[in-house]
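Some structures to go through are shown next.
In what comes next, chain A is part of two complexes: it sits with chain B in the first one and with chain C in the second one.
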Partner chain A sequence: MIAEIGLACLWMAGALALLQLVTGALALTSKGVGLAGIVRPVAVAQGLLCGLAFVCLIALFLRTDLSVKLIATNSHSLKPFIYKLAGTWGNHEGSMLLWVTVMALAGAFIALVERRLRNDTMLATLAGQAFVSIGFYAFLLLSSNPFERLAVPPPEGNGLNPLLQDIGLAFHPPTLYLGYVGLSIAFSFAIGALVTSDVGPAFARAMRPWVLGAWLFLTIGITAGSYWAYYELGWGGWWFWDPVENASLMPWLAATALIHSSSVLATRNALRAWTVMLAVVAFSMSMIGTFLVRSGILTSVHAFAVDPERGSFILALLAIYIGGALVLFAIRARTITEGARFALTSRESALVVNNVMLSAILGIVLLGTLYPLLTEAFGEKVSVGPPYFDPVGAIFFIPMLLVMAVGPLLHWRNDRLGRITGKIAIPALLIGAVLLGLALFAPSLFTPSFKLLPFIGMGLAVGLAVASVMPLIGRNLRRTPLPTWGMVVAHLGIAVSLFGVATDSAFATEKLVASRIGESHTVGPWSITLKNVEPVAGPNWTSLEATMAASYDGGTATTIHPQARNYTSPPTVTSESALLTRWNGQLYAVLGEEADDGRWQLRLWWKPFVPMIWYGGLLIGLGGLLSLIGRVARDMKRSRAEEKIADRRERQGR
Partner chain B sequence: MSEAPAPRRAGLWLWVPLAVFAGFFVLVMTGLLAPADREVASAMIGKPLPQFDLRPAVPGRPGVSTAQLADGKPRLLNVFASWCIPCIAEAPQLEALARQGVEIDGIAIRDRTQDVERFLDANGNPYQRIGADDLSQVQMSIGSSGVPETFVIDGKGIIRHQHIGDIRAEDVPKLIEKLREAGQ
Partner chain C sequence: MNTSKLLKAKHQRLILLVIALVVLTGAGLLAAWALRSQASYFYVPSDIQADPPEIGVAVRLGGIVEKGSLQTAPDGVTIDFVVEDGKARTPVRFSGITPALFVEGSGVVAEGRLADGGVFIADNLLAKHDEKYVPREMADMTKARDAMAQTQ
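Right after this comes the complex of A and B.
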């Protein structure tokens, strides 16, 4: 019964989305003005119904109702509660339902609270939102019905891929989804603004919290995903330039650019067409990313739900939405009048540089991701990896970081570099000092080959960390607005991450050994002794667990337990690496297979400062959060003040 | 970057993003409709089977050994498992091949007797012999990395063809062709 209720809700929500599109569009014409009143309530009802459908699917997963096909193929009655819950979105159908649910709820939310935009722009925005939703409703209902019943329910479910039975990963995809969907709201705002040619500060202010929120979730999602890949896959790497990783990075790059350009639009009413374009590009990147992952068109370690029919369906949606939005842009952008002008040395210019560099990096990542597809069309197989992405990306990344150090210190509109020389000099000198120090005291950087990028990276990171807090100097910290704090924290986070990346690639040491019980090995400053290997059992897995004593620089030993785990349903082997974190880095140990002579394969790494990569990611996210809180609080204050004024006027009028 | 330098020239520039997207669309359309062959040919093709002798996976069917596979007749060697969903999908195709007189031997990977029996009851049993490969050792040694996979073995016990993934209806003629080639 629950499945039928869920399916009915989903159909009704889809129908309401259609109604929302039609009424929203008609209300923009002179004859349909009367319909304007029902668009907002329809959006709210659509959100509630879709939310209810999603709740139904969660209930089915929690009860492990095996008569539903999706649950029989993806769940198991013996799974721990949290993974039953996470199983709801750990599959193709459920994740698409989550996507459309978040989108519908977000639409309902803007329909309820957004009052700053012109009425016609708002109607066009809601119609645009419904237009995007309809495609996803159609996709779910016609091609990926999550509520499909089985004629004969199996006695037991199939289980969930054990790699996904990890608390980090249970919440990794929904986090990214929130990011993607947040960008769909920005997209709808852009469509609305294009339709009515109403691109101005009000549009930027209405859109900005959604972009910030989306960007925040994308940042956290990418950081968590990278850490998950690092400790769960047992390869010791944290970024592989894999198509799926690129799929999450591209919307992030576009959203980062969009945050910066919409702040120019909101404050200075400049970069109008460009901001609209970026809003379209950001969501396009989310859709393209989803398409590349789901269609299985690119080979990836993450590939799931590979299905040409689904691929064609998503591609059709892509063509309609992205193609449609770009046509609308090409036709309408010339009606968007030129924005305010600014001088070459100004904060606007710095932000333009940021935007150009981010867009260039985005283009590089997109090209690298699609390149194998391009050569395949000509019958040649290639694989594009770090040798392309690292140096080519750095060409744009390094200048962007330099401008990032300077930009926040500049005034809007027009400024002189001479005014801020003092504040730039300190970080610049620091960069020089760090590079000199490394050249003198870190010979391993130069032999056997010169590690140029890590070398520059470490210098830049230190200088940047100092430069990023410079905007706070000389300010009253208590009266500094939250968004400024957000910017400082996020920029600091970039520096921290960069430091982790650079030191890890410069100084990490790796050792692969075949070890007898009782033998000791050194890796970096660590001495590691393999004590024993014993079987242990968990709720749905059995495992071989090694006990190792690790001591740093001759200090007292700490015991660590890497495991090689065998899951029973479905049968899969995963390696649970053991991590030992110190302030200055991380020890990473993986247990491999037993050789014929009774020796065990061990992989050991010492990775100096590697956790800073993820601490930096969290700082970037925290910066986004501070900014978001600051913006929303200010918006609420302003709208309350406006209400009061309107109230007073009314009373005086009487 | 800063807004529209000259209105007339800007008009054309505004279509550039659409053109780029059209290029992307054509590219992935080709990729979707004519997927490139991504399978890496097994290094084992053209080589004789390694030596092995697997115990019977179910009572009532003999196990599989290298010696029996080289009995002068070409045959299919199907790597499967009761816990494998695509194996259920390919079962009708195997049945059809068996009905056409193709000899099929199976290797059950990391399986239990009662599970294999249940699987065969539910999906049919096209196999003449079924060996149990509890640790995937034989599977690895013949160059198979997943289930299901199907090998064409000629009469001398040499691997002639490897089919990765489930056998779909459209794959059946190719397998028959490969068997015929192996018989020559």
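Right after this comes the complex of A and C.
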């Protein structure tokens, strides 16, 4: 019964989305003005119905209703509660339903609260939003119905891929989805503004919280995904330039650019066409990401099902949305009037550099990700990895970081570099000092080959950390607006992450040994003794667990337990690495197989400052959160004040 | 305020457009050039026999791990094995912890480079995670194995 209710809700929500598109579009014409009043309520109803459908699916998963095909193939009655819940979106159909639900709820929310935009722009925005969701409703209802029943329910479900049975990963996909969907709202705003040629500060202010929110979730999702890959795969790496990772990085890059350009548009009414274009690009990247991950064109743990039909469906949606938006842009770009002017030395110029560099990096990642697919079409199989992405990306990343250090210190519109020389000099000198120090005291950087990028990275990270807090100097910290704090914290986060990345690639040490029980090994400053290896059992797995004593620099030993786990349904082996975190780095231990002579394979790493990569990611997210709170609070204050003014005018009978 | 420093209204949009186009085109050209030189190509043993890649250039090698070829070196962590595709054989050396589903007679994709003497030095081995998640090149490999089984 629950499944049928869910399906009915989904159909009705789809129908309402169609109604929302038609009425929204008609209301823009002179004859259909009377319809304008129903667009907002329809959007709200659509959101509620879609939300209800998703709640139905969650209920089915929690009850493990095996008569529903999706649950029989993806769940198992013995799974812990949290993974039953997470199983709702840990599969293709459920994750697409989550996508549509978040989009519909976001649409309902803007229909309820957004009052700043001109009425016609708002109608066009809601129509655009319905246009995007219709495609996804069609996709769900026609080719990926999550509520499909089985004629004969199986006695037990198939289970969830054990690699995905991890608390961090349970919430990684929905986080990224919130990011993707937030960008779809920004896209709708851009469409609305293009249709009515109403591209100005009000558009940027209405769109900005959604971009900030999307960006915040993408940041957290990418950080969590990277940490998961780091400790769950047991390879000691934290970013592999895997196409699926790139699929989440590309929307992030576009959203980062969009945040900065919409702040120019909101504050200075410049970069109008560019901002609209970026909003289209950012959503395109979300769609491309979804296509790459969901179509099965790539193989990874993210590709739930290899199904060409679904791939073609998403590709068709991608073509319609992006093609349509670009055509609209081409027609309307001329009507977007020239924005405000600014000088070469100004905050705006710095942000233009930021935008152009981010776009270039985005292009490089996109080309590197699509290139293997292109060559395969011509019968040549290739893979593209760090030797491409690292140096080519750095060519644009390094100048961007330099401008990032200077830009926040500049005034809007027109400034002189001479005014801020004093403030730039400190970080610049620091960069020089760090590089000199490394050249003199870190010979390992230069043998066997010169590690150029980590070398530059460490210098830049220290300089950038100092430069990022410079905008606070000479300010009353209590009266500094939250968005400024957000910027400072996010920029500091970039510096912290960069420091972690650079020190890890420069100074990580690795040891691979076959060890007897009782034998000791050194890796970096650590001494590690293998005490024993014993079998242990968990709720749905059995495992070999090593006990090791690890002591840092001759200090007291800490016990760690890396495992090699065997899951039963479906049968899979995963390695659970053991991590020991200190303030200055992390020890990383993996247990391998037993050799014929009773020795155990061990892989040990000492990774200096590696956790800073993720601390930095969290700081970046925190910065986004501070900005978001600051912006929303300011918007609410302003709209309350405007209401009061309108109220007073009414009472005075004006 | 000295407004002469502001970019001329008529030209500002044009200047910005040109800068963006130049940088993005530059990035595109750079990417195209780097992709041609840095992408690592996929080989099967018969490709290596026919037209070997340059020594030391990163490539990937796929095939079936030959039955009875797997040997562990005295250090306990280095293994030697032979990858075959039914037509040719390539010896492979790998130091590290092998993936769980790496067994003789099963498919493997090795990332690494060809060294002097025709030995392929693997930095990383990709084997099947489980039935559902198979490296893309390996889907073909199962077919190769079936074909081999039938001819024998």
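To be clear about the criterion, the second predicted complex is superposed on the first by the 648 of 654 C-alpha atoms of A that agree within 3 Å, B and C clash if a C-alpha of one lies under 4 Å from a C-alpha of the other, contacts with A are read in each partner's own complex, and residues count from 1 in each chain.
Please note the rule applied: contacts are C-beta pairs under 8 Å (C-beta built on N, C-alpha and C of every residue); 3 or more make two chains touch, one makes a residue touch a chain.
Worth saying up front: this structure is predicted, and the values here are computed from it rather than measured.
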Which superposed partner A:601 touches (first chain B, second chain C, both, neither): second
Partner chain in contact with A:342 - chain B first, chain C second, else both or neither: both
Greater residue coverage of chain A in the superposed arrangement, chain B or chain C: C
First, second, both or neither for A:414, with chain B first and chain C second: second
Contacts of A:171 with chain B and chain C, given as first, second, both or neither: neither
Partner chain in contact with A:352 - chain B first, chain C second, else both or neither: both
First, second, both or neither for A:392, with chain B first and chain C second: second
Partner chain(s) touched by A:592 [first = chain B, second = chain C, both, neither]: second
Touched partner set for A:382, first chain B, second chain C, both or neither: second
Touched partner set for A:109, first chain B, second chain C, both or neither: neither
Overlapping contact positions on chain A, where the chain C interface meets the chain B interface: 271, 273-274, 299, 338-339, 341-342, 352, 356, 381, 570-571
Chain B residues touching chain A - in the complex, by the definition given at the top: 1-4, 7, 10-11, 14-15, 17-18, 21-22, 24-25, 27-32, 35-36, 38, 83, 85, 110
Residue numbers on chain C that touch chain A, as the complex places them: 1-3, 5-9, 12-13, 16, 19-20, 23-24, 26-28, 30-32, 34-35, 38-42, 58, 60, 72, 75-77, 95-98, 100-101, 111, 124, 129-137
Touching residues (chain side chain A, partner chain C) in the complex: 161, 163, 234-235, 271, 273-274, 298-301, 303, 338-339, 341-345, 352, 356-357, 359-361, 363-364, 367-368, 371-372, 375, 380-385, 387-388, 391-392, 395-396, 413-414, 512-514, 564, 570-575, 590, 592-593, 595-597, 599, 601, 603
Chain B-touching residues of chain A, taken from the complex the two chains share: 73, 158, 270-274, 277, 280-281, 284, 288, 291, 295, 297, 299, 308, 311-312, 315, 318-319, 322-323, 326-327, 329-330, 333-334, 336-339, 341-342, 352, 355-356, 370, 373-374, 376-377, 379, 381, 569-571
